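In the two complexes that follow, subunit A is the common piece, with subunit B as its partner first and subunit C second.
Moving on to the complex of A and B:
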């Protein structure tokens, strides 16, 4: 029975992927891509990775979908014609096809060998879990054992937002916002926003013991911000350069600060004080949630015409 | 405070990124230069620490590998960290004078994130951590290319982004395969268990293709000339001198740590052939460019080829010759970082003088702006590999190693490549020596711009005299080819 479910999921996944690639209309391609993200989230659940499933649903399908749709609106506004399916005649299409097939073949060869990992890392994780301050192994890895990776990843996020600003400022055709002045939507949002916020905070809090955490919580928060923006409730905070960038770096700054403190006491970078690791992890995660939500939102915001653009344009 | 100098390499640039995003213009500049000084000092402290206690590891968060991530300072990491500190500080000084305030506002955070990424890559001994470092590096580099904001460089930046992302995917795929096979991400642990099975070879193949794409090794180079040639001058210098070295550094690390020198020679041979093709193609293209910065960018392509010649020469059958090739390669990398940064800055000054990109417009500059031509020429001496320079010593060691191992084909390639580089550098000179009528109609760059270009070029020459000082930091050959 389970094999049947898996087989169906794989078939749907492949079907959606090829539909998304080969459909003529870009809008349809984006829709298929969002669906692909949702199915992929199911696949992650089947693979016993609920954390990744949550992240996939929130970021892969949610925020990425919004950004793609937004980019589409942009393409239309600048009357850039979407690419047509003429690739079949081009040699580069065949080159890509052959290299893709080669990659698949090589991967199949590589995983045909029986896997017998020499190091059992999962055992080490569960042995050290009691000292990590949290009880969920994924959170323990992300924010304690390998927190250095996470620190740098957060830096990557801030940087991505900054690159978006840079590219944004060189755009000559800013899209004029189209709000949806729909009273029903307003009312709904009033009703839903506290709940979305609550879900976000719950994801954050639950991350200590079960699937969840800062990235997922941040993505949900970003979705709430986006809804806010779409109904026309412009957040004044986002119009101000200082608040905008302050929001980006808040989580990273907190992380660096907490991480550097032990250096003063002769401990290695990113060491948490004994027996208080849980509190510090929660503190850092709270900062990260807010910043991640803000960064993901401002990526969306930047694709609209933003105050930064007006200020700096030559 | 024993943990400070090593953590400082990452903490200081991170602080730099934070303050340059948070503070106002004046404080941003002030703090940035204060932090650059702090980083230089930090590097000096680290050097002292290395002299007193040798190679050492440090576990982030006090979790030793393989559970946590360990950073490592050894000779190689230290050399690269010092190199990036010197080049980045001088480029920052140049950028401060050269860029407009609006550009500078975005330059500082990108610059600092770039430095975070570089240092994290030099220090890391964890495969996934290296990936995160690469991601940070590529994004910062793409942002820097997009700073100039004209249509051409935006297109170049996007192309660079796609190439870099493709490279990242290749690397990540390989890391995932290796993790599935060995159950560890720590490079030290991996090297203990590593054997060249089918899945490991496939994994390493993906990783190397990805990394070489990010390094712009022939034939995966086409993103480099528009990105490096079209960027703002201090950015071109940073990219050519430092950024492409990072992915190459990871290839070199993997190759030596996983003892691939005892692998079948065909892998090394393939790397050597790619390198040779890069040397000849890059040199040939540089000879046919009409824009000054594109000449310098194609020269980078050719220089990458020389680095690739290390791999066929690393073998466990002849440790002495192998060690010579390793030393030579490191010297070439260092000399190129200094000389190419100097050359790009000098080229930027020359373009500033004339206000045009075309080589013909350089006519008369030798007479009226000799200092810039001198800086360009000194860097050229090292790039061509004429004595006395770091470039010469590096080339000489590689040639020696190739002769000891009777691999004459590489000697031939190096000689041909040197002739080509001499040709494209003297071609630039020949334009500057042409006499023009109408006297001095060129603009005068500020002395700070001229002297920062010159100082980098002089350093690349001085490296020729101080080579032993640098090479003494590297482990002796018994360790390299263990």
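Moving on to the complex of A and C:
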């Protein structure tokens, strides 16, 4: 029975992936991509990886979907002709073919190589879990044992936001988006906002002992910001350049600051004292949640050229 | 097979059936407005039946309340999204399909 579910999921996944690649209409391609993200979240749950499933549903399907739809609106605005599939020029086609084949070959080689971990990493993690300050192994790896990786990941996100600013400044065809002056949406969101913030903070708090954590909480927070913006509520913070960019680097700065505190006591960078590790991790995660939420929201915001215009009723 | 299991199976199958009917409506109904009608109403009932079936064998009250909360939130969200799609379709002056009119391909999905 379980095999049947898995097989169905795999078939749907492959079908959606090829549909989103080969559909002519870009709008449909984006829709299929969002569906792909949702099915992929289910697949991660089947693989016993609820952390990744949460991140996939929130970031892969949610925020990426919003960004892609937004990009689509820009494409529509910049060209009057509907965007179509373009034939690659000869040398580029061969280059793409060769590099694609190369990647497949390397992956095949990597799979055929027998996996022989020199050390049993999962055992090491469970042995040291009591010293990490949290009880959930994923969080322990992300923010204690391998916090260097997480630090660099957040740096990449900040970099992406900076690139988005640069691209916006060179955009010759700004798009004016409209917000939705819908009274029911307004009323319902008033009801939902506290709940969304509560869920975000819960995800952050739960990360210490259960699936959850800064990335998932940040994505939920970003969704709340986007909804906030779509109903036309003013965001003065986002208009101010200092607040905007300060928000991006807040989490990273806090991470580096907390991470370098052990240097004062002659300990290596990013090693927390065992007794206070839990507090340190929570502090870092809180900073990361706010910054990740802000960065993801800014990427949406930056694609808007000017404050949203009120939609004219026809 | 206990009475509980029979009741649960009945509720689950009925819920799945409601989802099927909703999807059938989405495919078969002629215009945006009637399609929303099929999706938002039939699916909410389907989810409600499935939630009821699951509540029958949860251990704690908290878990049952969580399931009910999910149902309630999904109902609000789907009513809201249905309303928004209909509202936007109306703003764009997408016409209603008149009774007796044959199916036609409305270009609503690309807007």
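Definition applied: the second predicted complex is superposed on the first by the 266 of 314 C-alpha atoms of A that agree within 3 Å, B and C clash if a C-alpha of one lies under 4 Å from a C-alpha of the other, contacts with A are read in each partner's own complex, and residues count from 1 in each chain.
Keep in mind that, in the parts below, a residue touches a chain if its C-beta (ideal position, glycine included) is under 8 Å from a C-beta of that chain, and two chains touch if they have at least 3 such contacts.
Everything numeric here is computed off the predicted structure, so don't read it as measured data.
Once the two complexes are laid over each other on the shared chain, residue contacts for A:8 go to neither subunit B nor subunit C. By the touch criterion defined above, A:25 lies against subunit C but remains apart from subunit B after alignment on the C-alpha atoms of chain A.
In the superposition on chain A, no contact is made by A:99 with either subunit B or subunit C.
When both complexes are overlaid on chain A, the residue A:184 reaches subunit C alone and has no touch with subunit B. Contacts of A:148 after superposition on the shared chain: subunit B is touched, whereas subunit C is not. In the superposition on chain A, A:166 contacts subunit B only, with no contact to subunit C. After overlaying the two complexes on the shared chain, residue contacts for A:276 are found with neither subunit B nor subunit C. More residues of subunit A are in touch with B than with the other of subunit B and subunit C. Within subunit A, the residues touching subunit B in one complex and subunit C in the other are 314.
Residues of subunit C that touch subunit A in their complex: 73, 76, 80, 83-84, 87-88, 91, 93, 109-110. Residues 25, 27-28, 180, 182, 184-185, 188, 191-192, 195, 311, 313-314 of subunit A are the ones touching subunit C in the complex. By the touch criterion given at the top, residues 1-4, 7, 10-11, 14-15, 17-18, 21-22, 58-63, 66-69, 102, 106, 109-110, 113, 116, 120, 128-129, 132-133, 135-136, 139-140, 142-143, 146-147, 149, 154, 157, 173, 177, 180-184, 189, 193, 197-199, 202-203, 205-206 of subunit B touch subunit A in their complex.
Those residues of subunit A that touch subunit B in the shared complex are 103, 106-107, 109-111, 113, 115, 117-121, 124-125, 128, 144-149, 151-153, 155-156, 158-160, 162-163, 165-167, 169-170, 242, 245-246, 248-249, 252-253, 256, 259-260, 263-264, 266-272, 312, 314.
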